[in-house]
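Okay, so subunit A shows up in both of these, paired with subunit B first and subunit C after.
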Partner chain A sequence: MSWPPDSAGGTPEPPAPRRRPHGWRGALGAVADHGFLIALAAVCLLPLYVMLIASFERAADFDGAALLPTLSPTFENYRTVWTELGFDRMFVNSAVLSLSAAAIATALAAGAAFGFTRLRFAGRGLLLAGVVATMAIPAIVVIVPLSVLMTDLGLVDRLPSAILAEAGLLLPFAIFLLHTYMRELPSELFEAAEVDGASRWRQFREIALPLARPALATTFLVSAIYAWNDLLIPLVLWQAEQLTTLMVGLALLGPSRAGTQNVPLLMAGVTISILPLAVAFAVARRAVVRGLVEGGER
Partner chain B sequence: MRAAAAATARAARGAGWLAPGLALVGLIVAYPLVRVVEWSLTDRTTFLDGSFVGLDNYRQLLSDELFWRAFTNNLILLLSVPLSIAIALVVTGVLYRGLRGGRLYELAIFVPFLPAVASIAVVFLYVLSAGGPLNELLRGAGAGALAQPWLTDADVAIWSVLGVVLWKRIGFTVLLLTARMASIDRTLLDAAAVDGAGWWRTYWQVAVPGMRGIIAFAAVLGFIEAFSWTFAYVVILTRGGPDRATYTLEYLLYRLQFDEQLVGLASAVAVFLLVAALAVAAYRVHSARREALL
Partner chain C sequence: MASLALIGARKAYPGGAEALRGVDLAVADGELMVLVGPSGCGKTTALRAIAGLERLTDGTVEIDGEDVGALEPAARDVAMVFQSYALYPSMTVARNLSFGLRARGVARAERDRRVREIARLLELEELLDRRPRQLSGGQRQRVAMGRAIVREPRAFLMDEPLSNLDARLRVQMRGEIVRLQARLGATMVYVTHDQVEALTMGRRVAVMDAGRIRQCDTPAALYERPADTFVARFIGSPPASLLRGRLGEGRDGELECVIGGVAVALGAGAEAARPALRAAVGGELVVGVPADGFALAPGGAAGIPGTVALAELLGAETLVHVELAGAGEGGAAATVVGRFGRGVAAVPGDPVAVALVPDRLDYFDPETGLALDRPAVA
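This part shows the complex of A and B:
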C-alpha cells in the first residue's frame, strides 16, 4: 500500500457515478444504498446529538433522557462546569500538556528525522527499525516503571512529568512521520548547499525545515490531539488537583456524577473537551485525518 | 585505522542529530521496558524493592480466575476488529457503487473517531444508562423488551463496551478502506462490469483483493488497540464492574499497581501486553521494510 494515501482527506474523490441497471431495480438499489448509509450515519451521530441537546437542558427539569432539543435552552450548564467544577483550569492544563508535549515531540523529531535522512552512519538502519518498533509500544506497558521513575526524580505532580512522558511516547511516531516526508526531499538541494559550504545546521534550518513545513504541521497537530485526548499519563503523573486535565476530570466526575440531575452538566463538560478537536478538524481536515490514520487509535 | 576513525566520526555526527530524541525515548520507553521485565520477576511493591521470585508472578496470574476473565474480555473486545472490517467493506462497496452524497455519509461515519475515548465513554455512560436515551428510543419504538441496564448487568456489560469500541472504530476503518479504494484502477472494475458481473461480485473479486494490505493494517492496529487501549473505556464505563465482570488486562494492571501496590504482579501483566505489542512491532518493521521506508 502506498502511504500516506494522498486521497486521505476523510473523503476521497467522489466516485464517478457508475451506470446502474435502469428501471425499478436500479431505483430500488439506490434507495437501499441510501437507507443503509443513513441508518449507519444516524448510529454514528446520535450519541453526539443527545450529548449536545442534553448540555442545553435545565438540570432541574432533566428527567433522565432527552431525545428532542429543549424549547428553553440554557447556557447555564456550560457556565457552571466552567466556573464551578473547575473546567476552566482543566482546559488550561489540557492545553499546556497537549501543546508543550507536541512542541517537544515535533522539535526533537525534526532533528532526528533529518539525521536519519541526511546522514549515513553505522547502525542507522537498526536504529530506525527500533524507532518503528517503538511506535507499537503503548503507554500502559511502561506505566508502572514510568510512574516509579517520575516519583524517584521527584517530578510527580510537577509539570515536566506528564509533558516529558507524553512527548517521549509520541516521539517514535513523530520521527517516523517526518522521516517518511523528509526522505522524499530532493537530495540535490542539500548537495548543492554542501558544495556552497553550508553547514549541516544551515541545511537543516534553511532547506529541510521550510520544505517540510506541511509535515511539521501535521506532526504537531496530531501529536497535540493525541496528548489532548490521553487519559492514562496525566491520570497517573498529574494527580494533584490543580493539574487535573479535562480527560482526567471527566474520568473522575463521570462515573461518580452520572446521576440524572448531573447529566446536563456532564454533557456540557464533554462538549467542552471535544470543541478544540472540532475546530482543529474544521481548519485542517486533511492534515488531521492523514496523521490520525498513520498513528491509529490511542 | 583511518577508516575506523572516519566511521566513528560519522557516527558521532549522526549522534548529534539523533541524541536528544533518542535519549527521551530511551528514558520514557526503553528504560521502563527493561525495568518492567526485570520487576515482573520480583515481588516488588510500592514500598519494598522485593526480591527475585522467578516466574512466581506469572504462575500466580495464570492460576487466577480474574486474569483469565480479563484476558477473555480483551478477546471479546478484539471482535471489534473483524466486525469493523466487515462493516467497512460493505460501506466502501456501497459508497463506490455510485451514489450521491457519498462524502457526507463518510464524514458522518468518521466523526466518532475524533473525540477522546474518555469523552466518548462519558457520553455513553449517559446514553446507556437505565433511563437513558437508548432505552427511551427502544421503548418509543415499541421494542421496550430490549431495553436493559446496559452497563450494570454482569452478563451484558462487556458486550456494551464492545459496542462502544466498535462505534468508535468503524469510521476509522472506512477511512482506511476508501483511501485505498480511491487508488484502485477503475477500468478494472468497469471491465468486470461489462462482462456482466454484478457490482458486489465485481467488488469482491476485483477490489477487495486489492485492499488486502490495508485490511491487514487495520487488523493490526485494531489488535494492538484491543490489547493496549481499552483502559479508558473500562475505567469510565464500568470501572471493571459489575462484580469485576468487565476487567481487561489493562484495567487489571492499573488496579494491581495503583490500588494494591503490587508492582511485581502488575509488571507481569505488562509483560503479557508487551508480547502482544511486540507482535505488532514486528509487523510494522516488516511492512516498513517492504515499502522501503527504512
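This part shows the complex of A and C:
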C-alpha cells in the first residue's frame, strides 16, 4: 500500500480500507484478483453447467463428455420427469415438507431463543448447552427410534410424521441461530417495555420479533433448504408413493432401477429440484440483507 | 405523583461486588432530586432499584410509603427514561408514545387523545409517523420523554438522558426538563455524572461515591459546605483544591493554619462558624480551597509563595493553576486552581503569592476526610 495514494490529486482522502496502488502494478493486481475469482466461480459452476446442457440432450445422443450445448435441444426430459415420473407431485410434497418444517422450527425456536435470552431461571445455561449439543447428533442416529415412535403413534405415511421429525431435527440449529441474534438485542428495550407495563408476550411479539426479522428470515431459509434436500426422513417416514419427495424420487431415478442410466433424464430431475432453491435464495437473500440494514439502527 | 424512598438499600452481586452499600434517600412528592457521582458509584443501580429492574439484596424501596420491593416494574407505575432512550426501533413515534398505554389496556380514544396532547406539548406532531432512526438525537430524546410523560406515572426516573446530546442541546434540554418537571409537578429522580447538570437542575442533589450517598443537600450547600473531601473534589467547576495544613493559635489567641510554611490567620468568623476547629488545634487538617477561595498577588507579596503552572483562558474567565511547595500531604507540592477574570496577570513559570480567603475555606479531618464541622442546617 502506498500512502498518500495520489499526491497530485488535490484534497487528501482518508485511507480506504483496500486501496490498490496506481499504475501497471495495480492493474496487474486487479487482473490477478479477478482471474482468480473467475477461475473459482468456473470451478463452482461447471457441474451446474454440465447438468443444464445434459438435461436438454436426448438420451440416445448423450455421450457423457459434452462441454458444448447440443445443437438440437429438447424439453422432452423435463416433460417426462414432470408428468410421467410424477415429479409434479413430488415437487409439491417437497415444498410442503420443507416449508412446514421450516415454519414450525423457526416459530418454536423464536420463542425458545427469546426465553433463553430474557428469562432468568435455574439451569438456563445448562439447558441451552444441552440444546446446542444435540446439533452434533446426526439424523441417521435417531432414525430408527424415530421410525419406531412414528409407527407406534400411527403416523407413518401421514403428513405430520416427516414434517414434525424434520422440524425437530432443525430445532437445535434454529434455536442456536436465533439465540445468538436475540442475545445481541439491547436489553434496555425490554427493560423499558417492562417498566411500561408490557407482558413478556407483548415484549416478544412487538419488540423481539420485529427486530429479529433478518435472523428469522435466515433461519427459515436455511431450515427450508435443509429440509428440501433431506433424503433420510422422507424416505423412512413417507413411504407411500403419493408422499414421495423430489430427493427420494431422484434417488429412485438412479441406475439401479432400469439397469441402464438415463443421465439426461436424471439431470432434468436434478435441475427441477434445485431450481426453487436458487430462486428462493436469490429472493430471500435480498430480504435478509434489507432486514439487516433496517435492523442495524437500534 | 408520589414520594419515593430508598431505606438502607444494599445491592451485592454474585462475586462480591457491591453497587449499593446502605443508601438512604427520600424524595418528596413533586421534588426533582438529582443523583450525581462518578461512573460506577451506584447511582444507576439506585435508580433501577426504584424502577424494579434490580432487586435489592437488603433494604426497602417505598413509593408513597408503601414497600414495593416485591412488585414487578409494571406494578410500580413509574416511568423511566434511559440513557440510550431505548425507543422501540420497529415502531413509529406515535406507537412508541402509545406503547405503555396499550400495554396497560387504555382505550383507543383515550390513548389517541393523550398521544396528541403530549406530541403538542413536546412539539412532536410532525414526527408522529417517523421511526426512531429517522430522528435526530434531540428528537429521540423528546420522544423518550414523551413516552414517559404520556403514561402519567407516579414518578419519573431519568438515567443520564442528556449524555448523548451535544453540549448546546444539552444545555437547552436541561432547562426544558426543569420547566416540564415544574409544570407537571412531577416527582423526579435524575441521574447524571455531570456535576454542572446536577447543580443547575436539582432542588436537592445527592452526591454518591462507592455505593454510598456522601451528601444530600441543596446545590448551594454542596458547594459552600461540602460534607467531606470527596464532595469538595467533585462539586464545582473547577472543584475545590485540597491542601495540607497544621492548625495552631496565633499570638492573640486567634486560630491560624500553617500551609506551605506560611501562617494563615483564619479570623474570628471561622471559629464562630466551626466551633470544632478549636479542638483540632495542634493537629493536621485538610484545607479545601474553592476556585473563588484565594486571590493572586505578585511574587513576594503577603501569602503562600507559589509558581503559576498553567493559565487556561475560558472566554470570560481564566483558570489559574498555582503550584505551592510543601502544601500537600507529607510536605509534597500541591496545586490550587482558581477562577479569575480574563485580565488576570498569570504567566506559567511566574512566581506569585496566594492569599487565601479564610471565609471561603473548608476544613476536613485528614483521617476520615469528613468536614470538621458538619454544616448547620442549610
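Everything that follows uses one rule, which is that the second predicted complex is superposed on the first by the 228 of 298 C-alpha atoms of A that agree within 3 Å, B and C clash if a C-alpha of one lies under 4 Å from a C-alpha of the other, contacts with A are read in each partner's own complex, and residues count from 1 in each chain.
Going forward, a residue touches a chain if its C-beta (ideal position, glycine included) is under 8 Å from a C-beta of that chain, and two chains touch if they have at least 3 such contacts.
Everything quoted here is computed from the prediction, not taken from an experiment.
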First (subunit B), second (subunit C), both or neither touched by A:Leu211 | second
Is A:Glu191 contacted by the first partner subunit B, the second partner subunit C, both or neither?
-> second
Touched partner set for A:Thr70, first subunit B, second subunit C, both or neither | neither
First (subunit B), second (subunit C), both or neither touched by A:Leu250 = first
Chosen between subunit B and subunit C, the partner touching more subunit A residues is B
Report for A:Arg202: first if it touches subunit B alone, second if subunit C alone, otherwise both or neither.
-> second
Intersection of subunit A interface sets (partners subunit B, subunit C) | 297-298
Okay, in this complex, where on subunit C does subunit A touch?
-> 51-53, 72-74, 78-80, 82, 84, 86, 88-91, 99-100, 103-104, 132-133, 147, 151
Using the touch rule from the top, collect the residues of subunit A that touch subunit B in their complex.
-> 1-3, 5-8, 10-20, 29-30, 33-34, 36-38, 40-41, 43-48, 50-51, 54, 63-67, 104, 108-109, 111-112, 114-116, 119-125, 127-129, 131-138, 140-149, 164-165, 167-169, 171-172, 175-176, 179-180, 183, 200, 228-232, 236, 247, 250-251, 254-255, 258, 260, 263, 266-267, 269-270, 273-274, 277-278, 281, 288-289, 292-293, 296-298
Could you pull out which subunit B residues touch subunit A in their complex?
-> 7, 10-11, 13-18, 20-22, 24-25, 27-33, 35-36, 39, 87, 90-91, 94-127, 129, 131-133, 135-137, 140, 167-172, 175-176, 178-183, 186, 190, 193, 199, 213-214, 217, 221, 224-225, 228-229, 231-232, 235-236, 239, 250, 253-254, 257-258, 263, 266-267, 270, 273-274, 277-278, 280-282, 284-285, 288-289, 291, 293-294
Quick one: which bits of subunit A touch subunit C in the complex? Just the residue numbers, please.
-> 186, 188-189, 191-199, 202, 206-207, 210-211, 295, 297-298
